[in-house]
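Each in C-alpha cells, the structures are laid out below.
One chain, chain A, appears in both complexes that follow, with chain B as partner in the first and chain C in the second.
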Partner chain A sequence: MELQITIFGQLTDITGSSNIRIPAVSNTDELLAALKQQYPALGTAKFVVAVNKKIIQGNTALAANSSIALLPPFSGG
Partner chain B sequence: MMQQTGIIQERYHRQVLLKEFGEQGQQRLAEAKVLVLGAGGLGCPALLYLAAAGVGTLGIVDFDTVSISNLHRQVLYGTEDIGQLKVLVAEQKLKAINPDINILTYPAKLDTALCLELFDSYDIILDGTDNFATRYMVNDACVLLQKPLVYGAVSRFEGQVAVFATDKTAVNYRDLFPQPPVEGEVLNCAEAGVLGVLPGIIGSMQANEVIKWITGMGEVLKNQLYTYHALYNQHMTVELSVVEENRKWMPKNEQEFLSTNYEWLCGIGVDAKEIDSKQLEALIAQEKLLVIDVREEGELPAITGVQHLKMPLSGLKEQLHTIDADTVVFICQSGKRSLQAANWLAEINTRINIYSLKGGVLHWKTYKQ
Partner chain C sequence: MENLQAVDMKERKPKQIFVQGAISPAFIADSIQKHSTRHDIGGHSIFLGQVRADTIEEKPVAAIEYTTYEEMALEKMLEIREAIFSKYDLTCMHVYHSLGKVAAGEICLFVFTSSKHRRMAIDACTELVEKIKFELPVWGKELFEDESYQWKENK
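For the complex of A and B:
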C-alpha cells in the first residue's frame, strides 16, 4: 500500500515532482518523518499539510484513500 | 442629468440584468470603497475589473515605477509608460475606462503607520503585494482594524486566493502560516519566475471575491484557501480553521503593531553579519571559534578543512542555549538557512560574535579548491 501526496509550489524543487508516493503510514507524524527522511530539505521548508482538503493541526490519522497535500506559502504578486 | 444617468445605466446594463446583482448590486458597488495594495501583476487585472464594474472609490497604493520586465503581466501599462509611477499611469488608464468613479492614488511604500491611516477609510482591502513582510503587515493591520482582506498570491504557474473576514470565526493568514519565512527561504517572482497570465487569473478572482463581498451575491472564499495550477488546470479548495495558538504572533494593539518591524521578521536588513570564505579562513585561527553546520542530516557535500558541529536547522531552536563560544559561524548549503540560524542566536545572545557564511558550503568548497 502506498499513499499519494500532492506537492505544491516550490516544494516540487525538493521532491522533483508534484505527485509523490510513499509506503503507507498511519498518521501525519509518521508521514512527515518518512518524507523528511526521503527529502531532507523538507525538514526546513515551510508548508502546511492538508488531509482530505482540510489543513490539519497536530497529528492526524491517515487512511489508504486519504488525499494529502503539502502547501507552501508564496508571496508573488 | 437624466441623460448621464441613462448612460450610467447602459454602462452597467449587462450586470444589472443579472437578478442576483440587479440595481441594488450596482448601487452597493457605487457606494463601496476598495483599497488595492500593489498595482502589479495581481493589482492590474483586479483594478481593471473593479473600475469597469463601477466600484465608487478605488484607492491604489504602490511606490514603484513601470519597468519593462513588468509588462508581460502588468496589463495596465504599455511600453511608453516605462519609468512612470504605476499609480499615476493606472489612474489615467482606469479613468479612461470609467470616468464615473473616484480614484485615489498613494505613491508610497506601505508601512505600519500608513496601514493604520489608510485602511480605516476603506470597506475592503485587496492584497496584491509581492513580499512576505508586507503581506504579514497587511494581514495584521486588517485583523486589528476589522477590515476584510482579499488575499491572492502567485508563484510560477500556481496561485492562491482566500478571503479573511472579520467575525470571530474568521481565519486570517496567521492561521495558515503563523510566521513569515525569512528572505530567500521562499523565492519571489523575480527569482522563481511567473507565467504572465497567471496573476491575470488570480487577480481577476480577487476582484470577483471583492464584488461578491460588496454585493452579497454567492459565497466568498471565507475560511477557505483556493489553489490553482495553470499548467494542469488543477484547482483545490482547502478548509482553514482558527488556530488560537498562532494568534500569539500577532500584535495585540495598534501601538504594538506600529512598533513591529516586519522587514526584520522576514530577515531583511538584519544585524547578523555575513562573512565570506576568506574571512572564515581568517577566523579559523581563533581559539574559541565554533563552526556549526545547520543543514539537515545527510546533506552533501560534507564540510572539510574546518572542525564543526552539526545542528540541523529543524531542531536548532531547542539547542540554541547550549551554544557557547566567543565567535560562532553558521554554515549551510547556500548561506540562507545559516543566516536565519545566526538571527535566531542573535535574538537570545548578545555576547557572542555571530556570523553566517555567505554562499555556504558551495562557496567554501570553491574557495578551498
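For the complex of A and C:
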C-alpha cells in the first residue's frame, strides 16, 4: 500500500516530480516525518499540507484514498 | 421544492476562473460591454494584474508561468465568492486568472465587480484581489530570458 502525494510550486524542485509515492502511513505527522527523511530539504521548506483539498490544522488521519498535496506559499495574481 | 434545490445545487457548483495564457484586452472590453443590459448597475470596479519585468541579479523577468491546484482553487474561489457576495451588495462579480506562460506586460488577473453604487464595487474588488493573492493555491514561476527561473513570492 502506498500513498500518492501531489507536489506544487517550488517544492517540485526538491522532489524532482509533481507526483510522489510513499509507503502508507496513518496520519500526517507520520507522513511529514517520512517525507523529510526522503527529501531532507523539505525540513527547511515552507509549506502546508492539504488533505482532500482542505489545508489541515494539526495531525490528521489519512486513508488510502485521501488526496494529499504539499502547498508552498501561494503566489498567484 | 425540487426545483429550488436544483437551482441551489447549480449555484454551489464552482465556476471556472482559469484561462490558458494572457487575458486579452479585447476579452476585458467584451466583458464590460456585456453589462450594458444591466440597468441596475451604477458602478464597476476593475483590477488588472500585469506581469512586471522585475530585474533580479541584472536579469529581467521575461514571463511568469502559472500553475494551480485547480480542484482546490475552484472550491476556494467559490467560498471567496460567497463571502464577498454576503458582505457587499453586488450585482455581479467576475474573476479570471491566467495559467501557463504570460509575458511581461501582459494581463494575468482580471477582477471585475459591479454594484448600484461605486463604494460597494470598489471595496469588494479590493478585498477580492487580496483574497485571490493570499488564499488561492496558485504559483508563479518567474522565467528569465536565459531559461533560468525563480519562484515568485507575494508581498
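By our rule, the second predicted complex is superposed on the first by the 73 of 77 C-alpha atoms of A that agree within 3 Å, B and C clash if a C-alpha of one lies under 4 Å from a C-alpha of the other, contacts with A are read in each partner's own complex, and residues count from 1 in each chain.
Here is the rule we go by: contacts are C-beta pairs under 8 Å (C-beta built on N, C-alpha and C of every residue); 3 or more make two chains touch, one makes a residue touch a chain.
From a predicted model like this one, the values you see are computed outputs, not experimental measurements.
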**OP:** Please work out whether A:Gly9 is in contact with chain B alone, chain C alone, both, or neither, and reply first, second, both or neither.
**Re:** both
Subject >> Residue contacts on chain A - larger count, chain B or chain C >> reply: B
Original post:
Of the two partner chains, chain B (first) and chain C (second), which one does A:Lys36 touch, if any: first, second, both, or neither?
Top reply: first
Original post:
Does chain B (first) or chain C (second) touch A:Gly76, or do both, or does neither?
Top reply: both
**OP:** Please work out whether A:Thr44 is in contact with chain B alone, chain C alone, both, or neither, and reply first, second, both or neither.
**Re:** first
Original post:
Taking the superposition as given, does A:Lys53 touch the first partner, chain B, the second, chain C, both, or neither?
Top reply: both
Original post:
Common interface residues of chain A with chain B and chain C?
Top reply: 6, 8-10, 50, 53, 69, 71-77
Subject >> Complex interface listing, chain A residues touching chain C >> reply: 6, 8-10, 13, 50, 53, 69, 71-77
**OP:** Can you check the complex and tell me which residues of chain C touch chain A?
**Re:** 49, 66-69, 71-72, 75, 97, 108-109, 129, 132-141, 151-154
Subject >> Complex contact set, residues of chain A against chain B >> reply: 6, 8-10, 18, 36, 40-41, 43-44, 46, 48, 50, 53-55, 57, 69, 71-77
Subject >> Residue ranges of chain B touching chain A (in the complex, touch as defined) >> reply: 38, 40-43, 127-132, 135, 152-156, 158, 160, 176-177, 180-181, 185-189, 192, 194, 199, 225, 227, 229, 236-241, 243, 295-299, 312-314, 337
